[in-house]
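Order as written gives the chain letters A, B, C and D; numbering starts at 1 within each chain.
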Amino acid sequence: MNFLSDTTAPAHPALLESLTRANSGYAASYGNDVISAELTDRLSDIFSTDLDFVLTTSGTASNALALSVLCPPHGMILCHDEAHIHRDERGAPEFFTGGAKLLPLAGEHAKIDVSALENALNQWPQDFVHAPPPRALSISNLNESGCAYSPTELKALTQRAKSEALNIHFDGARFANALVSSGESAASMSWQSGADVLCLGATKNGALGAEAILLLGDARRHLPELQARQKRSGHMGPKARYIAAQMLAWLRDDLWLDLARTANAAAAEVADTLRNAGADVIHPVDGNEVFVRLDEELAAQLRSAGVGFYSWPDGSARFVACWSTTDDEIKALEQALNG
Amino acid sequence: MNFLSDTTAPAHPALLESLTRANSGYAASYGNDVISAELTDRLSDIFSTDLDFVLTTSGTASNALALSVLCPPHGMILCHDEAHIHRDERGAPEFFTGGAKLLPLAGEHAKIDVSALENALNQWPQDFVHAPPPRALSISNLNESGCAYSPTELKALTQRAKSEALNIHFDGARFANALVSSGESAASMSWQSGADVLCLGATKNGALGAEAILLLGDARRHLPELQARQKRSGHMGPKARYIAAQMLAWLRDDLWLDLARTANAAAAEVADTLRNAGADVIHPVDGNEVFVRLDEELAAQLRSAGVGFYSWPDGSARFVACWSTTDDEIKALEQALNG
Amino acid sequence: MNFLSDTTAPAHPALLESLTRANSGYAASYGNDVISAELTDRLSDIFSTDLDFVLTTSGTASNALALSVLCPPHGMILCHDEAHIHRDERGAPEFFTGGAKLLPLAGEHAKIDVSALENALNQWPQDFVHAPPPRALSISNLNESGCAYSPTELKALTQRAKSEALNIHFDGARFANALVSSGESAASMSWQSGADVLCLGATKNGALGAEAILLLGDARRHLPELQARQKRSGHMGPKARYIAAQMLAWLRDDLWLDLARTANAAAAEVADTLRNAGADVIHPVDGNEVFVRLDEELAAQLRSAGVGFYSWPDGSARFVACWSTTDDEIKALEQALNG
Amino acid sequence: MNFLSDTTAPAHPALLESLTRANSGYAASYGNDVISAELTDRLSDIFSTDLDFVLTTSGTASNALALSVLCPPHGMILCHDEAHIHRDERGAPEFFTGGAKLLPLAGEHAKIDVSALENALNQWPQDFVHAPPPRALSISNLNESGCAYSPTELKALTQRAKSEALNIHFDGARFANALVSSGESAASMSWQSGADVLCLGATKNGALGAEAILLLGDARRHLPELQARQKRSGHMGPKARYIAAQMLAWLRDDLWLDLARTANAAAAEVADTLRNAGADVIHPVDGNEVFVRLDEELAAQLRSAGVGFYSWPDGSARFVACWSTTDDEIKALEQALNG
């Protein structure tokens, strides 16, 4: 009964099999292998556009690398106050950008409020030498409260940001979960909604460790700088074929979407189970994460029954479902709730 | 007939099997898993000392992270002019340290000359506010010309450096190759020879991507800062069990040493083969790398026969043997040399 | 009728005379001159404690240098949302620290609310590797709304911060204004109220360009690192005698306090004058700055009469009085207000 | 008898008078004052071209700021092994660029050898992702051995560097000394010889503290970024009129050239005096610096007579003449030499 995090889940067997298949003979290192080349075509198909990408093994690295080509050291990145890049990456964006500032914005359910964005853009102008100007907007989808932005919501933010020439970063550590929840296409939820760069994460959804930074549209011009920064930060994998092999297996035959659907469905059941036990589900469950308020007694009861979940800074409890969450685990949760 | 680099080789099957075994059920993320815990004991045994470590998937990351806790931004790192950290990591040490300076030192066969170290320490004093003082010495063993330092050679350098309170970093991307070549113990070639931190690399010797930064002796006090920097740089793997599982399989039953012995023996044969064909082997072959001067005709002949090797900046040619290099490959090289 | 900023005011003649006196013969460079030595004694007398210091010509440099020895790159600096270091220094603290994060806190009249500090310390723990821990608290006194903290208010913040081992930085760009307003001693308003480092500014109060970073108590141990960073950032003045000479003349015979009293008294008159004209003074006038809400008509009337003042991001108007503000200027303001 | 450094000399009275004149009434801060505006015209006249500039109070700051807009963090700056930016600025270029690498080049008399440049450009290619590519070339003129490059020598270096698209930085801390020594025009010794940016120093030649970073030709596009970095590093002087006033007085009526001529002439006499006493002058005396080899006895004799000079890392002794060096001082040196 582990609902701690999707990073505690195992990898899907198909990805391990892909590793084994990739482990034959010599392969060019540092991303110049044939599997990486095949991945280019696959990603272009899925996103219905030409694109460039680099691979890493960590979502933190992907976000920080992406932001480092979108925002100069003397600029500012706007994000939600709950954003993973602000709260949970130990200052990685500040490190990779060379000291850019992150400005946390408010909004219900960890969604950036358009008026908060508007207010920030008004308070921090582009041409005032004394203050860092906003240069990038970062949006997490699925976000840190487990909620999905719709394309309409995304466009409202990105169009306003683009009117000030900001670059747009999407943190897609749980992109697949947002995608299947919304029923939108990958294109619709990325470049058609304004993303210049999408960090597409597989690690939380069945991989051992595989993340892709996708450069979309005009942002493809950043590829050489991105590669330089990837190398310089130790994220250009010497044997990159093993990351590419994971990603390729994950994308094959819509496996990534199937895994996300499984996780989302499990989360919906977890939410129902918790609701039925009297817990207050505090955010829409658009993906694989459930946030609830538990009274202390119930929380203690769950912990003593061995149910794993995290206490959140706002006092709520987070339950995360994974591609591997089973019906038995949910039933065990139900039993633990019923004492 | 690929002698390009040990990073083009596949992983050893035992490591893939270890991954598969590790892929069962939930595991604590970010290095708090039981496999990582088991690895602590194994490394302590092998190095005959208590130690702390963190894991990464890249030698560049390991070196730069290690140096970032050994040298402040306003200090200087001494290394050989041929050092990987100086030549081949796109300024990673400068990035991770926040702008420390690397001072390249001279010496035959990519070994730092004691007098070059002496000269640098005299020219760059510790207490002159206008210049960055030397704060760390970095030594590669096996080094970038394929040569091994003996414990005596290491101590001559590290003792002089320690007399000025420098911290000592060993780049052990090919540590196993140096170890089996010298017949020394892991302890003798690391902390007993002055290393505060050893970057122990498995990637070039049978892993998919696994590197350990070992904190030795007093340097163990750097662990919290090292972990903070590991996280901040995106190198704290969310599913670290898969790196630990590789490392554990690699160290089990002396597999790492066996693989290195195989590679070194293959390199010795490659060297003989090249020598027999009239090439000039320009550095001692202490590990799995062979550097030769080829006349242009012979180089062209090899290339047209499909033999892979790198042209080095000094005009020589580098041939690298791997744990997976076969007798057939060496025979094929011989045939290609013979036209 | 210039009420734009105290940085638009001329320097006091006594400081220019001091420059002329200092301009005789040779003097050791980079702060090793006899005037700098004399300044040490003078500052120790005024602050009733042994201390160390370095001089710069810019408040931004002083703040950022101070913070860079108080907070590691992977830590966090807490400050008010209106703080100059957050709003008006183009990310200087982020640059000098190597990418530390600034966390803006709320509070009326630009004073950090104790509960906002408490909340931040609870949300951002010291031992969570994934997030930057708070390592420094920065307090501006006089603050950015022209208000002074009392020693009691300062201690409430600094004692709570010190309970988590945070380092304490005071931005004293207008320290003299706060001092004369409160009637406290320099010691009471600095180290006795918890400051580890005070950035003492003379530039806004009669100097051409002179700022001192004072290391107090245990923080004196940071001197060598501070000097290294001062040099590295180009703030170790080659001919530092000219900065020291300004600072010495400024401190002599309480000139600094007299100038601040003059500016504060002028600000009080400006506030009365604006109030009498129907403007709403929105913050206590504890120093030389007056913030008012003006209706648009009155604002336009003032501008057309040539009265200089700044529009503030919150829609208010800021009027700054200086040591050189004259009665005639205030009368002219009155006339402009009366149309 | 102080020949330690031109930074120990006083300022020329004309500059102090200019400060006093500038100290009247209000002036726009941060470089928007009328004196700074007047300086634009004056500099354009002198350099026979349109240009942009910012002012600082430190040569280290000027060099590092200039380099930070000419070289990305993942690039490399080529300079002489003796360059001030490499040896004497505590890693300021590394700090301001965000961790670019400096590659020291060899050459007699601290002049970069064309073949050393050639070799570096060959060894460090532009398109190899694993190593930082050369992106800037920095040349000191007058250089650190007191020697001047001729326009022909400069062009040989800059044209080769520009063929690889490197940006060109001239460190002109003693530019005036090189100029009067060569008899060339300011244009000839700067942009016509390939400089994109010239750091023009007045501090060592009569100012209290005044340096200008000149953006020339296409490099003028860097102005907004340069100003952002100037602010961010604390080098945008709040009361910049006092720096501009110095610079303007220094340039008026060729004062800067007259002061340099005086210093150079004094240096020539110092060199003769030392030669006559049997010292070996080891570099051409093209400016105001004299480097000699002294036997230990003579060095001790000079020190005991109170003659100030620096011991150089290579064992030589440096004597610096200033605009204020008098005949009496040189005579006193002569007497000290004669025992």
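Following the convention adopted for this analysis, a contact is a pair of C-beta atoms (placed from the backbone, for glycine too) under 8 Å apart; a residue touches a chain by one contact, two chains touch by 3 or more.
The structure presented is a predicted model; accordingly, all values stated were derived computationally and were not measured.
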Chain at maximum distance from subunit D, centres defined as averaged CA atoms: A
Between the pairs A-C and C-D, the one where more C-beta pairs touch: C-D
Inter-copy rotation, subunit A to subunit B, in degrees (Cα atoms; steps of 5): 180
Geometric centre distance via CA averages, subunit D-subunit C, whole Å: 33
Whole-Å gap separating subunit A and subunit C, where each centre is the average of the chain's CA atoms: 41
Subunit D residues counted as touching two or more neighbouring chains: 30, 73-74, 89-91, 95, 98-99, 129-130, 228, 231-232, 236
Subunit B residues touching subunit D - in the complex, by the definition given at the top: 73-74, 76, 87-91, 94-95, 97-102, 122-123, 129-132, 313
List of subunit D residues in touch with subunit A within their complex: 30, 72-74, 98-99, 129-130, 225, 227-229, 231-232, 236
In the complex, subunit C residues that touch subunit D: 2, 4-5, 7-11, 13, 16, 19-20, 23-30, 56-62, 64-65, 89-92, 95, 203-204, 208-209, 228, 231-239, 242, 308
